[in-house]
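Presented sequentially are two complexes of subunit A, the first with subunit B as partner and the second with subunit C.
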Partner chain A sequence: MLSYILRRVLYAVPIALAVSLLCFLLVHIAPGDPVNAIVPADAPQAVVDQIRAEYGLDKPLPVQFGLWLLKVVQGDLGRSLATGRAVTDDLFVAVQNTLRLSLIAAAIGFAAGTLLGAIAGAFRGSWIDRVAVGLAAAGVSVPHYWLGMVLVIIFSVTVNVLPAMGAGPGGSGDWAWNWEHMRHLVLPAVTLSVIPMGIVTRTVRGIVAEILNQDFVNTLRGKGLRRGGILLHVAKNAAPGTLAIMGLQLGYLMGGSILVETVFSWPGTGFLLNSAIFQRDIPVLQGTILVLALFFVSLNLLVDLMQTALDPRIKRA
Partner chain B sequence: MSSTAMSTTTAGLPLAPQPVASPGYWQGVWKRLRRDPVTLACGGILLLMLFAILAAPLLAPADPFQTSMLRRLRPVGTPNYILGSDELGRDMLTRLLYGGRLSWFIGITPVVIAFGVGGLLGIVAGFAGGWVNMLIMRVTDVFYAFPSVLLAVAISGALGAGVFNAILSLTLVFIPQIIRVAESTTTSVRNLDYVEAARGSGAGAMSIVRVHILPNVLGPIFVYATSLISVSMIIASGLSFLGLGTKPPEAEWGLMLNTLRSAIYSQPLLAMLPGLCIFVTSMCFNLVSDGLRAAMDVRN
Partner chain C sequence: MPHDPGANPLVEVRGLNVRFVSRDATVKAVNGVDFTLAQNESLCILGESGSGKSVTLRALMRLNPPKKTVMEGAVRVGGHDIVAAPEKAMADIRGRVVSMVFQEPMTALDPVFTIGKQIAETIIRHEGVSRAEADRRALGLLELVQIPSAKRRLAAYPHELSGGLRQRAMIAIALSCRPKLLLADEPTTALDATVQIQILLLLRRLQQELGMGVIFVTHDLGVAGEIADRVAVMYAGRFIEEGPVAALMRGPLHPYARGLMGATVHAGMRGTRLTTIPGAPPDLSRPVQGCAFAPRCPQAGEDCLPAMPELRSPAPGRNVRCIRVDEAA
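Moving on to the complex of A and B:
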């Protein structure tokens, strides 16, 4: 067990390195000289050369990667070309905002999905099952950026009870858990929650239906255990698989919130990424993607380890 | 597929027991699909949409690029503008018909390419095993470290806007996912006894793959690929929505949704139409894929 944990953690290191390499290369798959993204087209050659040297772009690629990685490890992601601020500063605020949004969306989606999935799995083939399956299919098929617009039309334009954009009265940096701020969170969080809702519903439904078909459930029934008691056994058996799916979904929410953040002007990583793309602000683009991907790698690792620890059926040596 | 073409028409009455040929696998699949109203309905809607967008030049009442400053944002139901007009006065129905062409094309092409490339690599990895498997699967792991939407946005963000770049980035997102499914299916088939028996009786690698592996793994890989179309359509239109895929004045559902965002206060219904098209298409592909999976699962 211990050696498994150690090996799993060690295996995450080359993955993280490869992910960093991919983020680094993003700049170089872009068409044209990366310097052109920094200096204006009519800049004199001397300035171009100076910038090239300043950013280390005159060195061979592997050396550039090494230097970049060395800085990244020290927590230096460079400076934004658009604002001149350190990328980590902007990213720090943005990650917090995205994390807030994703966690609330995950909580809504997981709760609704677990409930729907458990009911659907327990009453397979009934009308309630069909409703749950339909909702789940709609949840994973709906373009959530469109759903966001629909919710804005209903709750901000027609009824006017919830704000359509932003993260609160004070801009992006001063979050507080009060209604004044939280009402800004409602629409984007609900919009974002439909995907995990759909996927968790499908997963839980499948797992519950499968467990209910197993022999031990029949034995429990035969012994005279009531619904509630059986439910406890089913929940215990379904938990590890469900948690694994949920962990991955949280990662997908963090990485996939860009569309919803754009719709609601939510000042998170997606919003940052979006503006970086259009200003061709390469350091911000690189840094944001790197941080999100590394977060996803760690989350994967955590889910794996947790599943091993929680599920005695998985024997890993 | 089916080994015989013997028909089993018995006019409903159980006649003398005849040697009934076992119907082929695909006949069984078709038979199960025919009894599945949801899948049939969704398949029908998709076919109808496909026909409509292919016949767009014939069906469309107007020119998709003809703007009119005087007739901007007409509501749904205006005479001569059945579905209204967009923010530049272009006929909405026409734009939706033409927009479907690009949305379908950008949504489906990556999955088709990924099915070919990813399927091939996955089967090779699963059948060869050893260091070949190691190499292919470890590279796949790296791409798996990115959430799909993020990877697509990152690649097309770096490459810049454009239909080709959007297709390229989505293809790169889906190849690893298909490789994983193809590899695990192939590995499980490769270790079955009858493949071992074929190998023992001297069959070469190529003929084992052709005769024993391919017929057993292509079905599952195909079903998995169809389930990706729905996601692909959403991300593809999402890229255009962000301004990364299609460029104006081209008609594409995601891009139309983006440009109509400013109209949600004045013409909410109109602004919702492109998204509704994406939703219906994606939902139908999803349900058809589910139906296909159920119908192709022999255990049912």
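Moving on to the complex of A and C:
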């Protein structure tokens, strides 16, 4: 098992390299000249050229990529064009905020989705099943920026019990697990949890219903196992497929919360990305995308390893 | 019943009816089955697909899908009332008093639990012994069903075993709490011919050693001859003939049973044509009038149609549902 883990980690290295190349290219292929964002429109050509040279933007793309990668592996993502601060500093704070938000949202969404899906799968065709399927469809279909705004209107404007924006007193870098801060997390986390809740519900329902139709469940009943004993078998059989979908969803939550973070002004990576895009802040953009992509790669790796540990039929060789 | 199982039969079935009810149709899978089984006796239920043999077997431990099954009649196994027992009591009976070996050992075993664990959990469930004691018993069971290098196989997953070993493991699970009655639903159908005979001999030996009653279902006459004391032939949800294995195989009385024997390959038949039974079994979602076999029967006449033929006993220990039987015998 240990050598299997090691090998899988090594496989992830070329993937990470390809991901970083893609991040780099994406930003450079996109239209718009980043220098225009920094200098005034009437700046003399000499100044424009000087700035271009300072940021290394005058060199050919492969060289730029090489230089950038060399710094990246040393933990240096450059400086923001807009603020002049080190990208890693801002990113460090933003990643923590996004992790808090997406992990809480995942916990809510995964717990609700697993429960709903398991009940729906076990009582397929009943009214409980129809309610769960309806909730799942609604969760997947409702645009979450719209849901976020509706929640703000209800809970912040009308009832006025929860804050509409920000990460609490002290700004983005001053988080603490107390109610003063956590109440800011409630609305964005609930909003963000709705899509994974729907997807996990649908997946778990399908998996559980399929498992319950398999012959071995009859064997378990035939052995005299009660509901609890059978549930244990269903859970272990359902775990690999469920974990796979959860890993993917957590990855999407990490990177896909741009809209929700923007609606709630949550100072995470999505918020950072959004402002970097509008300011053509290439170092911030590249750094953020890279970090998010690497999160995705490591999550998938983690899920693969967990699946292998749970399902003996997956080859370890 | 002419067959005398002694004063204290292991299984007693009277007027068993099983219907499957769904929104579209009601399928009358079993329509009045009566039989008894003595302790330590083995009965084989023969019949083609859809004749109700598996449903009858499952009814003995109430393992048909609970939501859509309607079960009527009296079923007693080892003194327990199977029809009336609450679900909780049934769970205590299953695996302990009566247990089952399924047809397809690949799908009947949980793929993500080891063989050892699947045996041990049954013992822990019914006897509340410690994990270590259950593991020790599991090892003994694998040795009982003659699985080579049993110790290593305890930690194996089902997909790591061959079909024959898997079925042996399935038998070990079924025997783990020493049930009085073992049910086997076509236990050899999914196996290679050479492995089939090994499993049959194993079942036969275990039945004699452990003193269990065994009821198994098959459409393979060879299997029936190998391990049964008595044979029952099923058609359209009824026992249409029943008797001691040798007598019934040598001289079947019911036209359907004769057809079944005639459609079987024996040694020394090379070059001769197999006889077949024309037509197809009746649709059990429609009511059947009179003898269900009449439409396919070469000897059928007007007199077969008014009512279901009563059981007749043309010889000691033999029963048959055919109005022509006295002529045939």
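Rule of thumb we're sticking to: the second predicted complex is superposed on the first by the 303 of 317 C-alpha atoms of A that agree within 3 Å, B and C clash if a C-alpha of one lies under 4 Å from a C-alpha of the other, contacts with A are read in each partner's own complex, and residues count from 1 in each chain.
One rule holds in what follows: contacts are C-beta pairs under 8 Å (C-beta built on N, C-alpha and C of every residue); 3 or more make two chains touch, one makes a residue touch a chain.
Since the model is a prediction, treat every value here as computed from it, not as a measurement.
Superposition of the two structures on subunit A shows subunit C fitting alongside subunit B with no clash.
In the superposed model, A:Ala43 lies in contact with neither subunit B nor subunit C. Judged by the number of subunit A residues each one touches, B leads among subunit B and subunit C.
By the touch criterion defined above, A:Asp311 reaches subunit C but does not reach subunit B.
Judged by the touch definition given at the top, the superposed model places A:Leu135 against neither subunit B nor subunit C.
By the touch criterion defined above, A:Ile153 lies against subunit B but remains apart from subunit C after alignment on the C-alpha atoms of chain A. When the shared chain is aligned, subunit C comes close enough to touch A:Lys223, but subunit B does not. In the superposed model, the vertex angle subunit B-subunit A-subunit C (Cα centres) comes to 70 degrees (nearest 10). The least CA distance from subunit B to subunit C in the superposed model is 14 Å.
Counting contacts as defined above, no subunit A residue meets subunit B in one complex and subunit C in the other.
Those residues of subunit C that touch subunit A in the shared complex are 61, 63, 88, 91-96, 99-100, 102, 104, 107-114, 121-122, 125-126, 157, 159-160, 170, 173-174, 176.
Note for the complex: subunit A touches subunit B at residues 15-16, 18-19, 22-23, 26-27, 29-31, 137-138, 140-147, 149-150, 152-153, 157-158, 251-252, 254-256, 258-259, 262-263, 273-274, 276-278, 285, 289, 292-293, 296-297, 300.
By the touch criterion given at the top, residues 141-142, 145-150, 153-155, 157-160, 230-231, 234, 237-238, 241-244, 254, 257, 261, 264-265, 268, 271-272, 274-276, 278-279, 282-283, 285-287, 290 of subunit B touch subunit A in their complex. Within the complex formed with subunit C, the subunit A residues making contact are 214-216, 218-226, 229, 233, 236-237, 310-313.
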